[in-house]
Amino acid sequence: MSDVCLQAENLHLWRGDRHVLRGVGLTARAGEVLQVVGANGAGKTTLLRTLCGMIQPEEGRITWAGRDVREDLHAFHAQLAYLGHEAPLKAELTARENLRYWIGMRRRVSPAEIDRALEQTGAGAVRERLVRTMSAGQKRRVALAGLLLLSVPLWLLDEPTTNLDTEGQALVGRMIEEQVRAGGIVVAAVHHALMVAPERLKRLELSSP
Amino acid sequence: MSDVCLQAENLHLWRGDRHVLRGVGLTARAGEVLQVVGANGAGKTTLLRTLCGMIQPEEGRITWAGRDVREDLHAFHAQLAYLGHEAPLKAELTARENLRYWIGMRRRVSPAEIDRALEQTGAGAVRERLVRTMSAGQKRRVALAGLLLLSVPLWLLDEPTTNLDTEGQALVGRMIEEQVRAGGIVVAAVHHALMVAPERLKRLELSSP
Amino acid sequence: MMEFLEMGGYARYVWPSYALTFAVVILNVVWARRALARSREQARRRLAMQEEPT
Amino acid sequence: MSTSTVMQPAASSTSALTAARLVLERDLRLAFRKREQLVQPLAFFAIVTTLFPLSITPELSRLREIAPGVLWVAALLSSLLALEFLFRDDAQDGTLEQYALSGQSLTWLLFAKTAAHWLLTGLPLSLAAPFAAGALGAPASAWTGIVASVVLGTLALSLLGAIGAGLTLGVKRGGVLLSLLVLPLAMPILIFGSQATELAMKGASIAAPMYLLAALTVLGVTLAPIAAAAAVRISLE
Amino acid sequence: MSTSTVMQPAASSTSALTAARLVLERDLRLAFRKREQLVQPLAFFAIVTTLFPLSITPELSRLREIAPGVLWVAALLSSLLALEFLFRDDAQDGTLEQYALSGQSLTWLLFAKTAAHWLLTGLPLSLAAPFAAGALGAPASAWTGIVASVVLGTLALSLLGAIGAGLTLGVKRGGVLLSLLVLPLAMPILIFGSQATELAMKGASIAAPMYLLAALTVLGVTLAPIAAAAAVRISLE
Amino acid sequence: MAWTWFHRLASPPHVYRLAERLTPWFAWSSALLILAGLYGGLVLAPPDYQQGEGFRIIYVHAPSAWMSLMVYTVMAVAAAVGLIWRMKVAHAVAASCAPVGASFTLAALVTGSLWGRPMWGTYWEWDPRLTSELILLFLYLGYMGLRSATEDVQRADRASAVLAVVGVVNVPIIHYSVLWWNSLHQAPSVMKLDKPSMPLDMLVPLLLMLLGFTLYFVAILLMRLRGEVLSRERNASWVKEALSR
């Protein structure tokens, strides 16, 4: 299990004229939380999207369990969950249906499991409601339930506590602790410190370009 | 100046089957910050949109300086600024152009003023960039500059610190202090405590429906 | 010479054709030069930006 | 932080006309920034016009008979496609919300937006129409008549469409619904417009249908912005 | 919190076929939830077909001549209007991103989406086409031929359109650009389709154009999803 | 060993320098050829026995039409190479082609319809060849529209390359479908010179023009290519060197 490890070396990326990622390197091993911090515009979102293979870096490479992720992108994607600034939910479906289709595409999932996850993230009360009618924080909670259900080792989270109330922020902290305790890896872009026991935390500081 | 005062009495509003606002009342006087707090889904966003007259409450009334706002909605709107979950910026215009059109529609504004406001909110470096190419926090900062430029007495802010780094959160605190010191009124929905001196703060707690 | 310009009565069709085609030929040269100049200018600015101490 | 001018906003406040001018200028600038937006309705119009010879007949003598109809249907459809975006972009990024909260008359602001829309789609379409008509066999003598009728027709259509665009704002995939709302109402425009074009191609006087088109346009100018403002307010709620 | 199954996700992972089926089911369910989506392409088709008698001539004998062309232009435009939304909604709310990151073959998933799209627009259109043709004077004997040709034609069009929809995903106001990209490529479909309809109306054999349409469809089935997946990946970057 | 030329062609600095060096050669030789062709076509060639002097439009029409087709082919091949081998330079070539091709397509259409007026009595006829040329113009416009609508160069490269490749698959389909379409409706096409082969003094200037335009295209391509390569290249050292000259 010690070889489950996300590594990036010397990533370079330009957006327009802007050299956004300038030789970023990182290592995240099983059981670790990597906090990506940096001022607004430092490149946190860009880094996360590059790590999950959605943007091709112009230089540098990313390895998962020792192998370049480009060798088998499908297999790598099957191991990761990415949660961006917006929750990937369909406004016209209910919370349950959303999870059924989103998760079901990747693994077999039972309605009971879905309900359990929604309960855990405090979205049990809105499970039959259309996502369109939910408040910003309620949507986030449904997306977090999806994250739990995917049960993959690698989480890439972009400001996961956005729109959540205090209780919800604590929930995210607990979810992350649980994930690394089970041997997973969490890479999270954050502005507010995560509520996680400090011994597991690593920091990667991006400086503004 | 003591009559510049936002009041709401006994607001009731249903969304679908849901009784979201159940007899909410509030008073915010010149020089006061009213923090609207409450769990996810408690109705903060709904309340703010009702206060600025975008949603009609089914019962209750809202007064500004003692007069029902529905009597002259235009005049009321000329006195307020509302900043929602999304920054009201045009992706294909630069920061400067965005402010020029947004603010210019309401009052005469010089390019120097715009640049000064952008500088104050830490968006001076991106003023010539298209909003589309900005990071989430950079967009927020441009919107905050707009808020400064409107120079109206009443601010209605929905989670104004979303996506901002620590320095940006402090900036919002300073802006709000400045606003109330000049005799303005701020109503803000928040999850994280605002960085504002406590004597000016009032709290309105919404309970979940 | 006049006879040549008259093109046997077809001048209305022949000369505009030649004019348009050579306008296209020349415009393409102009556009290409301008595009090259613009790219050089942009590259120069980019270099200047990279050399700025960060 | 700036010394606050919090309490005297009215002092330097913008007049309704200036606000409308700014809206117009903004929309034009946005369109010119993405120049393809200008070309695309034209290209679409050109393509639709070529579809007909391909699917009906390439013979000019027979095409000439259906030319007015084809021209007008193509014009109608291309303005309709563009109409969908009249307010949509601004609604999505919150601009429209700010317009409604600006303390300015929404009617005026939306009128300015509609005017910009016509300048960006209706006007180029009117200028392109005679070429399309020529390719379908219209004589050169019909050009002025065609341009004039398309100018009036697209004006009326933009105004009418503004109401539809406002009403379908809150609706996902409003495009098709918008067509449904606007097309039936646009029938008079289509009928008078193709009549005018047909008369122009025959060399007859186009006065009668042009008066009717003009009447529709005037009606549109006076009523449409008010209705559109009401519609937009409803969908913002 | 659930006892974590973090390390064995492969154990119960979904097969490509199940994933595609889920995508199809989801899209159908979404469409049936908003039933107007189902009706809209049809209504648009109906309206466009009525525009012609209004703007050209109401005489049935002359309408009959242009019926195949009108039918196909209307079908083409109404599927085109719907095509714009093939991937757009899913791109906006991040669903497409999750598809690309699902570890499943994007080609398959997009193929399923395209199939759903055809079921929701192409199929109803095919069933409505003979009625429209009838209104324009086609004899009842032509019905099967018309349905068959419209089925094949809309299939090919949906597949082709998937590429265009993928390419214009990143583009604001992609609708008009999409039409510009797809319409020239769709010309063969239009030509063969209206030929088939014309032959069917004359009572002749429609085999020749139908073979060509079928060939285009087969080409589309094999190539289009791959190109569409490439296009979507590019626009997500 | 055999592949070294390929790798060198994939290297932006090499291509940039090569293009810089070759441009004047192509430019001047094409200018010479075109001037010679013009003199031959306008002065030396005798009038056509049927069309009179009107036939001289051929010396601008045929080269324009030829350019419109050749440039599209070059563009599509370059796009495919760029997609398959992820070669920046190939994408740069494809991007350089489109505006040139589109403008000559327009020239072919306009000169053709100017020629059509005296010959057929109409500016436009829905003839297969004409129609497919018009569709070619739409393809170019779509390609350029997609390019300019996509901000990021790399993304624009790959998106438009997909379109160019799909488009080229469709070009023969369009060509034949248009032929079949018309053959069912209408008498055979009007467009042919009513003689088995041209006399030499008409043919030679035409060949000179065709060759001249081809070389001219290469010159323009090389010039645009340099700009496109620069805009894709972030490697400061050679760019700085290239700019200093």
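So that you can tell them apart, the chains are marked A, B, C, D, E and F in the order they are listed, and the count of residues begins at 1 in each.
What we mean here is this: a contact is a pair of C-beta atoms (placed from the backbone, for glycine too) under 8 Å apart; a residue touches a chain by one contact, two chains touch by 3 or more.
What you see is a predicted model; the values in this text were computed from it and never measured.
The chains in contact with chain D as well as with chain E are F. Note on connectivity: the fewest chain-to-chain touch steps from chain E to chain F number 1. Comparing the centres of all chains, each the average of its CA atoms, the largest separation from chain B belongs to F. Of all chains, the one whose CA centroid is most distant from that of chain D is A. If you average the Cα atoms of chain B and of chain E, the two centres end up 45 Å apart. Once the centre of each chain is set as its mean CA position, chain C and chain F turn out to be 15 Å apart. Each chain gets a centre from the mean of its Cα atoms; for chain B and chain F, those two points are 57 Å apart. Centroid to centroid, with C-alpha atoms defining each point, chain D and chain F lie 36 Å apart. The set of chain F residues that touch two or more partner chains comprises 135, 138, 141, 145, 149, 151-152, 154, 178, 181, 234. For chain D, residues touching at least two other chains, in rising order: 34, 36, 40, 43, 47, 54, 57, 89, 172.
Annotation for chain C: residues 42, 46, 50 touch two or more other chains.
Residue ranges on chain D touching chain F, taken from their complex, read 34-36, 39-40, 43, 46-47, 50, 53-54, 57-60, 63, 134-135. Those residues of chain C whose C-beta lies close enough to touch chain A in the complex are 42, 45-46, 49-50, 54. Residues of chain B touching chain D in their complex: 1, 4, 52-56, 74-82, 84, 86-93, 97, 101-102, 104-108, 116-117, 120, 148, 150-153, 174-175, 178-179, 181-184. Of all residues in chain A, those touching chain C in their complex are 17, 19, 207, 209. Note for the complex: chain D touches chain B at residues 1-2, 4-7, 9-10, 12-14, 18-19, 22-23, 25-26, 29-30, 33-34, 89-90, 93-95, 97-105, 109, 236-237.
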